[in-house]
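Chain naming follows the written order as A, B, C and D, and within any one chain the residues start at number 1.
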Amino acid sequence: MHAQPMNDALTLHTLDVEAIRNDFPILKQESDPRLIYLDSAATSQTPDCVVNAMDEYYRTYNANIHRGIYRISEEATARYEEARKKIARFINARRSSQIVFTRNTTESINLVAYSWGSANIREGDEILVTVMEHHSNLLPWQLLAQRTGAKLRFIEITEEGLLQLDDLDRLLTERTRIVAMTHVSNVLGTINPIQDITAAAHAVGAKVLIDAAQSVPHLPVDVQQMDCDFLAFSGHKMCGPTGIGVLYGKLDLLEEMPPFLVGGSTIRSVQREHSIYADPPAKFEAGTPSIAEAIGLGAAVDYLRKVGLEAIYAHEHELLEYAHQKLSDIEGLTIYGPKPRQKTGAISLNLDGIHPHDLAGVLDVSGVAIRAGHHCAQPLMQQYDVIATARASFYLYNTLEEIDRLYDGLLTAKKIFTRRRR
Amino acid sequence: MNIYEEDILDHYESPSNYGTLEDPDISYEEDNPLCGDKIRMELKVEDGIVADIRFSGHGCTISQAAASMLTEKIKGQPLDEVKKLSKDDILEMLGIPLGPVRLKCGLLALKVLKAGAYGLKGWPGEEDEESGE
Amino acid sequence: MHAQPMNDALTLHTLDVEAIRNDFPILKQESDPRLIYLDSAATSQTPDCVVNAMDEYYRTYNANIHRGIYRISEEATARYEEARKKIARFINARRSSQIVFTRNTTESINLVAYSWGSANIREGDEILVTVMEHHSNLLPWQLLAQRTGAKLRFIEITEEGLLQLDDLDRLLTERTRIVAMTHVSNVLGTINPIQDITAAAHAVGAKVLIDAAQSVPHLPVDVQQMDCDFLAFSGHKMCGPTGIGVLYGKLDLLEEMPPFLVGGSTIRSVQREHSIYADPPAKFEAGTPSIAEAIGLGAAVDYLRKVGLEAIYAHEHELLEYAHQKLSDIEGLTIYGPKPRQKTGAISLNLDGIHPHDLAGVLDVSGVAIRAGHHCAQPLMQQYDVIATARASFYLYNTLEEIDRLYDGLLTAKKIFTRRRR
Amino acid sequence: MNIYEEDILDHYESPSNYGTLEDPDISYEEDNPLCGDKIRMELKVEDGIVADIRFSGHGCTISQAAASMLTEKIKGQPLDEVKKLSKDDILEMLGIPLGPVRLKCGLLALKVLKAGAYGLKGWPGEEDEESGE
């Protein structure tokens, strides 16, 4: 038996979570113990409508796109391009040709670092990132800096896990070519003030790439309002399938950028020694793309829009408020990062004297799935002087009762480990 | 509705305004990167009116018939009419439905015309893709 | 009514095609006209077992891999790595760590051209390709040559569509760093004598990359016997899903190569300015990989092994012999490429005075799906002095009756177009 | 079978052979890139026999308990026994089943030992991956 939410005022009221849970077969699965999935920041669960959209492709119009002059290929082409339009609309891009399909956020960022980076970064230039970046938004810039002789600079964070923006004036100079930063920290949940930073970056002539892997799934994102130059995110973190990611870019930039991965589909014409490349997005989608996955992501975006991003954001906020309050009475517990007000649904924590792996291991015994490790953010770990943290993260299908189970599990871990401490 | 309608085959077999002009005011050529079809459009413009027009190139029935029909439609008209022509006008002109792949064949002539006359890039119809609720 | 195979000796006897067709729901689909799918060289159809394997992931153990200390993540990790082992076994790689998952053949080749290429190609070096390469195995080398000042050289072909190997001695010199060539031509079907060329290349110290996009699906491939250094292929052409491809490499080469796409999972440890990269294959699999798709490809490989690659090859050969014989009585028809004996299941053709698009368009009216165009092989088209060809391609699920339908469709096209010719 | 068996917790709480040696004959350290767990192994070898052994480092219960148990097992044995130890030996020693992720924690100590003593790279058990029918 698990405790009911103790506080009536905290009963969930923004989303019909039970109805939502019915869309996710994995959450309805009989198992002992039942799955309590608190790792959506790593990858989200997939609703049936998304799986069905892909199955429909494979079972009724499986064909390669863009070149086939027969019905199922015309159908596949239409659905693939329709998915692109849905995604453009979802982030309010002006045109669907600004949406490039990739495998994941990581590939999207590498594309910019190689293509835009090689054409625009020279020795002595500066690339500005933050210490809270995921490795996927740090390593491509490290390599670019090493290749070109450019310099990486870092925006530091406060103890509370907010960006130290006092530093910004000093860090942003006319040598800064690009600011590459995360919208939402995958470890701390911190929501960064993108619009302000983008404006400041543009004022010195720098471009801005936003790692939106943790924001596009969880809150309304409007690229025109943000005014960012590039935005990257992944399908598998937003109810979509694996194997599909997105790079959004301003059209003039995408047009100027040299090709990156090349091959089938990226061209206008090919001669033995020389080729002319196509317009974006085709220029950047080399070879047979993730057709079923793009269509699946289109279905995921339909699903998220139906539920509503504002509602999802509000729901996660309720879960966060409840969790912060509930967990705060566990002695020896540290939560990293800001107050719920300034973040989305992730809680990184440590419990004195217990390795985060062991926390995750004990929780797993009662079916609670959380993540433990460096979360691909070692520079941030170094900043907090920890090797690892345990992270619980939420999404539209999570409930208050699941947070109670997390709480119970943390207490169990404490019991197992402290009983034995000398 | 069959793609190989008599009407379309007629235009393919005996295209109108096929050939080139001497000293054209506008001359532009482009190909469809998906299949290699190529169309060149040449125009004489007098007082803003398309006084004469020719097309040349090679390609499938759809791309060539669409070019032939388009030249008939635009000859003698104000050049500015070209700018207004949309994807749907071409579909109506051809009188058959086209999937997204063959659509590019059908639109190639209009694309060449718009690019030549106004420097417009992108496929006709793409301007409709502006998203927003 | 369509003609029955006319020649009893040609009744298919190597595969139980009707049983196989039952595994592919799209081929059983009611539609008018029924789908006659002759475009497997572009992408193959997907059997139910593959779709089901992916659905099972999404519905029962959807989780990110390699880092989750909870049941469904352990399960997903195990299945993903098991797929890698299945694929290693399928091409007879010594170790599963030689299998790098990518999106497709195109990405696999780009990976080598960027990573191995940047580390090993200098001005004045030579890269040897053939004129029958797919753009995906030409453009990455064009760009590499442009970046480095190396020179591209070409193995020519005979009128019949075979490589001109008399030239090889002249073309392979101590300046040749790598030979990048296709195992099977996607246009002509030609099977190239890889083992001989690899031996000759190794004799002058050159590496060999094989584009196996059209061979791994259709005939037994043994990387140890071939002795190639790299091999690239795509899941979607071998009964697997979209969004997954493979790069095989010799282990010492993969170990020496610098990282390419970087981010989550590619590292041992990350500092602000510098990172230490992981061993292969992790070094090359940046970010969340195509998890469901890798598992799907594992199921496809199980399926192909069950049917048997020798049997598939023999079956396609029967179809080819029948088709060549049957089509040869159509006046004005040209078939490009060698006799059936020297190729796998693809027939590229042209019919006098009819644009290949129109051939495909007429065939589509009767449900026959073939491809028309340059097949991403413009240098080869230039060689044959054509803009495009029509291509029918076969796989394990095709029947003789389907070839009769192709024949009927070609006659219909002839009737429509020649009746009107002056 | 619970991962948090008494036996494993005992080793974690009071590890055997924890610490360092002066002038070790073999000294090697590695970490698990997936989680940052780190183990150092130091050995004195006399006439091919592991005369003394210590481990140090940090990590979760599984990685530390496995290291502690491994040092007990190997001390006083011929060094060559190390080479023969397999993934299965470690699993048997720990007495609990481990999925592929936690397996890496369980195998870290053996990996360090094999790398330090024989320069063997790769995770124990990976040598089993040789494919073939």
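Note that in this section a contact is a pair of C-beta atoms (placed from the backbone, for glycine too) under 8 Å apart; a residue touches a chain by one contact, two chains touch by 3 or more.
Because the structure is a prediction, the values reported are computed rather than measured.
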{"item": "Chains partitioned by contact, chain A not counted", "value": "one piece"}
{"item": "Reference interface A-D: repeating pair among A-B, C-D or B-C with over half of contacts shared", "value": "B-C"}
{"item": "Between chain A and chain B, centroid-to-centroid distance (C-alpha), Å", "value": "43"}
{"item": "Chain centre separation in whole Å, for chain C relative to chain A (CA means)", "value": "32"}
{"item": "Chain B and chain C, separation of their C-alpha mean positions in angstrom", "value": "36"}
{"item": "Residue list for chain C, restricted to those that touch at least two other chains", "value": "67-69, 71, 73, 267, 269, 357, 361, 372-373, 378"}
{"item": "For chain D, residues contacting two or more additional chains", "value": "34-36, 102"}
{"item": "Graph class of chain-chain contacts, one of line, ring, star, complete, other", "value": "other"}
{"item": "Interchain contacts, given as pairs of chains that touch", "value": "A-B, A-C, A-D, B-C, C-D"}
{"item": "List of chain A residues in touch with chain D within their complex", "value": "355-358, 361-362, 365, 372-374, 378, 381, 387-388, 416-417, 420-422"}
{"item": "Residue numbers on chain A that touch chain B, as the complex places them", "value": "66-69, 71, 73-75, 77-78, 81, 85, 88-89, 92-97, 267-269, 278-279, 282"}
{"item": "In the complex with chain C, residue positions of chain B that touch it", "value": "2-4, 9, 13, 34-37, 58-62, 102, 105"}
{"item": "Residues on chain D engaged by chain C in the complex (per definition of touch)", "value": "31, 33-36, 99-102, 121-122, 126, 129-133"}
{"item": "Residues of chain C touching chain A in the complex", "value": "25-26, 29, 35, 39, 42-43, 45-46, 48, 50-51, 54-55, 58-64, 67-73, 103-107, 109-110, 114, 131, 134-140, 142-143, 152, 154, 234, 236, 241-245, 259, 261-267, 269-275, 286-293, 357, 360-361, 363-364, 368-373, 376, 378-379, 382"}
